[in-house]
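Here chain A shows up in two complexes: once beside chain B, once beside chain C.
Here is the complex of A and B:
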C-alpha cells in the first residue's frame, strides 16, 4: 500500500478517536477539527518561525516535533477545559451546534490573522522524515499509544462512569458520579488527541491553512464514529481507517466515488445501527477465535 | 431522642402555577422505615426529587444529620449517603447487571492512577474485590444468574430489584424507594416487604418508601406521612394514619 495513503488513514483513525471520546459519554461534540486546526497551526508557526527548533537543518529534529505536540496538548487541553465547563451544560443537538460554532470561530480567526498567513496559510513546514514511510511509522506508534490509553480508560472507573452517563445522565449523578467532571475529562482528552494529531498532520502536509479545520471536517470525522461504532475504541479506529481510504481506493471509478462514499455512510448505520464494532460483536468473534477476546471484554 | 437523620422543613416546589409540594415538613429517624402515601399526582416523586437534589426546591430546606443540604447537586447528596430508586426505572440499559452495580460503587472504586494505567496485579486484585462486592449485592437480590446480562434485557421485576441493588452499592444510610412494588404480583410484593426489612437490619439504614399498596405500607412502615395536592395532611403511626379523618376522606375514602 501507498505509505502516503496509510499515513492519512492513521490520521483519520486518530481523529475518529477524538470524536469518539465525548460521544462515549453521550456528548455529541463536533469540536475535534477545531482543536486539530489549533495543533496544526502551532506546529506550522513554531517550526517555521522559531529557528531554535531546527527548521533550517535538512531534517527537522523529532524532539522538536515532540515539543510541539506537548505544547499543542497543553494549549488545546487548557482551551477545552475553559470552553467545556460552559459548553458542556448544553445537551444533544445544542452541544453539537455550539461546537460547530466554535470550529467556525477558530477558522475565521485563523483566516484573518496575519501571523497565520491568512487564506493562503503557512508554507514550507520543515520535514522531520524523508518520506511518507517515516510519518506512517511515527503516526502508527502514536495511534497505538492513544488506543492503549483509551483501552485502559474503558476498563477503569472513569470509563464506566462515561458509559453510565451515556445511558442515563441523571441516574449516573444519583450514583454519586460528578457528571460535569467526567464529561469535561472526555472533552479535554478529545481536544488533546485532536491537537497532537494536527501537529503531525501539519508536518506531513507541508503547508497549513484555515480550511483544514472546517465544518466538512466535523461531519467527516463524525462519520468515522457513526460507521465504526461508538461503544469501544476499536470502532472509530476502524471507521477512520476505512473512510479515509475509501475515496482514494475508489478513485478509478471517477465521479461515481462520491456516490459510493455517500452510500457507505448511509447504509453503514442502517445495516449496523451500533456501528461495525460493538462489544457484543467482538465477543462473538472472540468465541470463534480466542485471540482478540480481551478487546471486547469489559468495554461497556 | 436522637437527632433525626433527615429533616424536611417547609419544603415547597412549584411548577409554574402548580404547587407540586407545598410546605412539607417531617423527619426520618435513624433505623426507621418511613412511608409516604398519597393519591396520584400528590407530589411524592417530586418530594424525592427535592431530597435527592434533582429538582431545586422553591422554598424550605432539607437537613441531613442536622446540617442543611438544600440545593446541593445530586452527586454530592448521593455521596453523603442518600440513595434512591426511580419510579420509572432508570437503569443503565446497555451495561450488564454487574456493571450497573459497579457504577453504584463509584464513590468507593477510585484506584491509584499508575496501577490503573498498567492494569497490574494491584489493580486487578482491587477490581476483583469490587466485582465480588457487586456480585454479593446481586446475590442478595436474587439477580446473580443475570450478572453478565444487559440490564435492558431483564424482566420487569428483576429490573426493579436491580435498581435496589445499585442503590445499596452506594453505601447509603437512607434509602429512598419510589414505588418498588409497582407491577409486582402479590407474592412478589410480600417478598419485597420482607426484603426491605432484612436490608434495614443488614445495612443498618433507614428507608423512606413511596407505595400505593396500603396494606403493605401499614404492615411495613414504622411511621407514615400522607400527601394530598402537595400538602402533608397526616403524619403518624400506621394506626394513627388509618384513623385520621383527613386521610379517610382524601385517600382511603376513595377505596382504591
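Here is the complex of A and C:
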C-alpha cells in the first residue's frame, strides 16, 4: 500500500476519534472540522511566518511540529472549554446545529482575515519529513497514543460516566455524576484531538485553506463514526481508515467509484445499525478465536 | 478487552513501521516501457470543477491520438493514464502520488490552482516534471524547478477584456465587481480585475461577494444594480458564473458583462442559455490562428466532435474552447520533448529518475509550435506566449448553443 494513502487514512482515523469522543456521551457535535481547521491554521501560520522555528537543517524540525501541536492543543482546548460550557446546554439536533454554526463562523473568519490568506490560504508549508513514509510513521504513533488514551478513558471513572450519560442522562445525574463537567471534558478532548490532527495535516498537505474544515468535512467525519460504530474507540478508527481508503482503492472501477462509495455509506448503517464494531461483536469474535495470535489480526 | 486493545495498538504501530521501511524504488529502476512511454494526467473529473476536467480530458485524448498516430515516441506509443482528482486537495495529492509511484515520466495537471499549491510540491520533492494545463494563479511555477505551465497567468490575460469593453463603449463610467470569496481562483483574479479598472480610472462603485456553491444571487445583484453600473466584471467559476449572468439579465441589467477565465468554457451555455449572449472573455487561444499546428488540432477536433455528436445526438461544437486547446498543448509539449530526448538518449537506457530530470531540462529549453501559437518557457517554467485575444459569446437564436467569437 502507498504510504501517502496510509497517512490520509490515519488522519481520517484521528478525526473519527475526535467525533467519537462527544458522541460517546451522547452529544452529536459536528465541531471537529472547526478545531481541525484551527490546528491546521496554527501550524501553517507558525511554520511559514516564524523563521526561528525552521532551524538550520533542510527539513523542518520535529520539535517545532511538536511545539505547534502543543500550542494547537492548548488553544483548541481553551476555545472548546469556553464555547462548550455554553453550547453543551443544547441537546441532540440543536447541539449539532450550534456546532455547524461554529464551523461556519470559523470558516468565514479564515476567509476574511488577511493573515490566513483568504480563499487562497497559506501555501509552501515546510516539511518535517522527506516523504509520506515519515508522516505515516509519526501519525501511526500519534494514533496509537490517542487510541491508548481512549482505551484508558473507557475504563476509568470519567469514561464510564460518559457511557452512563449516553444511556440515560437523567439517571446518570441522579447517581451523582456531574453531567455538565463530563460532557465538557469529552468536548474539550475531542477539540484537542482534532487540533493536533490539523497540525499534522497542514504539513502533510503542503497548503492550508478554509475549505479543508468546512461543513462537508463535518459530514464525512460523522460518517466515519456511523459506519465504524460509536460504542468503542476501535469503531471510529476502523471507519476512518476504511472510508478514507475506499475512494482511492476503488480507482480501478473508474467513473463508478463515487457511486460505489455512496452505496457503501448507505448500506453500512442499514446492515450494521450499531456500526461495524460494537463491544458485543468484539466479544463474540473473541470467543470464536481465543488464541492470542489470532486476536491480534482483528486490529485495523 | 485489555489484552485485545494492546494487541490492536501493537499491530497499528507495526504496520506504520513496516510502511516506513519501504522507499522509492521505482525511481532508481528502469522505465517500464511494456505498455508504452508512461505519462500521467490528473484532472478534476468530479466535484464542482468537473466542467473543466471534461474539456481537458477531450484535449488530452486528441493530443494522444495525434502523437501515437504519427509514430509515437521512437516507435513506442505514449501511454497516458488519466486519474480523477476531484475538486479538492487531498484527492489531487493522492492522484499525484499514485501516478508517481506507477513510474510516470511526467505529469499534467492538476486542474485547479488551489490543488496545484498542494500537489505540486509532492512532484517537486520526487523530481517529476509537471506541465500545468490550466493553473492561472500567480506563483505556480515558483513552487519549484520541476513545475511549469502552458496556461498564461491571469495577471497577463484578465485586463485585456476590460480594455476591449472600454474600447467598444468609451462611455462606461460605473463598474461593479462580483467574486466568490471562498474560491482561490476568484479571489486572485478579482484583485487583478480591480487593479485594471482602477488604472483605467474606473474605481469599482461596488464589490459584491458571493460563495462558490451559491445558486441565488438576488441580494448581491439588487445591491449592485442600485449603484446603476454600466459594466459588470465577474470572477466566478462556470456554474455559479452561469447562474449569475442569467439572474443579472433576468433582473434587468442591460450593460456590458466581462467574465474571467473561470467562465471560459462552452459548458456555461446550458446554464445561462440565451442570457450568455454578449459576454466578453479574454482568451489565450484563438481558433482562427492560421498555423499548421492549429489546423491539425482543429481538424482532429472536428472529427472527434462529429463522432461524439452522432453518438449522443448533440449539436457539434464549432470551435474548441481554450481549456481543451491548453490541455492538448500540454501533452503535445511532453510528446515533443520525449521524442527529442529519445533521440539524444534512448529511453530504455535511462532510469526513471534520470529520464525525469533530463525531460525537465528539455521542456524548458525547447520552442514549441502548438495550437496556442509558438510557445516556450522561461527558466522558472512560466509560459512565454505571443498572442492573446478577447472573445464575445454569441448564442444561437434558440439559446441552446453558441460560440466564442473573437473580436478584432
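By definition in this document, the second predicted complex is superposed on the first by the 287 of 300 C-alpha atoms of A that agree within 3 Å, B and C clash if a C-alpha of one lies under 4 Å from a C-alpha of the other, contacts with A are read in each partner's own complex, and residues count from 1 in each chain.
Please note the rule applied: contacts are C-beta pairs under 8 Å (C-beta built on N, C-alpha and C of every residue); 3 or more make two chains touch, one makes a residue touch a chain.
Because the structure is predicted, anything quoted here is derived from the model rather than measured.
Scan A:112 for contacts with chain B and chain C and give back first, second, both or neither.
second
Once the shared chain is lined up, is A:140 touching chain B (first), chain C (second), both, or neither of them?
It touches chain C, and chain B stays clear.
Kindly classify A:176 by the partners it touches after superposition: chain B alone (first), chain C alone (second), both, or neither?
So A:176 only meets chain B here.
One more residue to check, A:168. First (chain B), second (chain C), both or neither?
After superposition on chain A, A:168 lies in contact with chain B alone.
Which partner does A:157 reach: the first (chain B), the second (chain C), both, or neither?
first
Determine, for the superposed model, which of the two partners chain B and chain C contacts more residues of chain A.
Comparing chain B with chain C, the partner touching more chain A residues is C.
Can you list the residues of chain A that touch chain B in one structure and chain C in the other?
155, 300.
Within their complex, state which residues of chain B touch chain A.
Against chain A, chain B makes touches at 52, 54, 73-75, 78-79, 83-84, 86, 90-96, 99, 102-104, 106-107, 109-111, 116-117, 119, 166, 169-170.
Which residues, counting only chain A, touch chain C once they are in their complex?
Result: residues 1-6, 8, 10, 107, 111-112, 118-121, 123-124, 127, 130-134, 136-137, 139-141, 143-144, 147-148, 151, 155, 205-207, 209-212, 234, 247-248, 251, 255, 257-258, 279, 282, 286, 292, 295-300 of chain A touch chain C.
Enumerate the contact residues on chain A facing chain B in the complex.
Touching chain B from chain A are residues 149, 152, 155-157, 160-161, 163-164, 166-168, 170-179, 231, 300.
In their shared complex, at which residues does chain C touch chain A?
1-5, 7-13, 15-17, 19-24, 45-46, 83-84, 88-91, 93-94, 97-98, 101, 114, 117-119, 121-122, 125, 137, 139, 143, 180-184, 186-188
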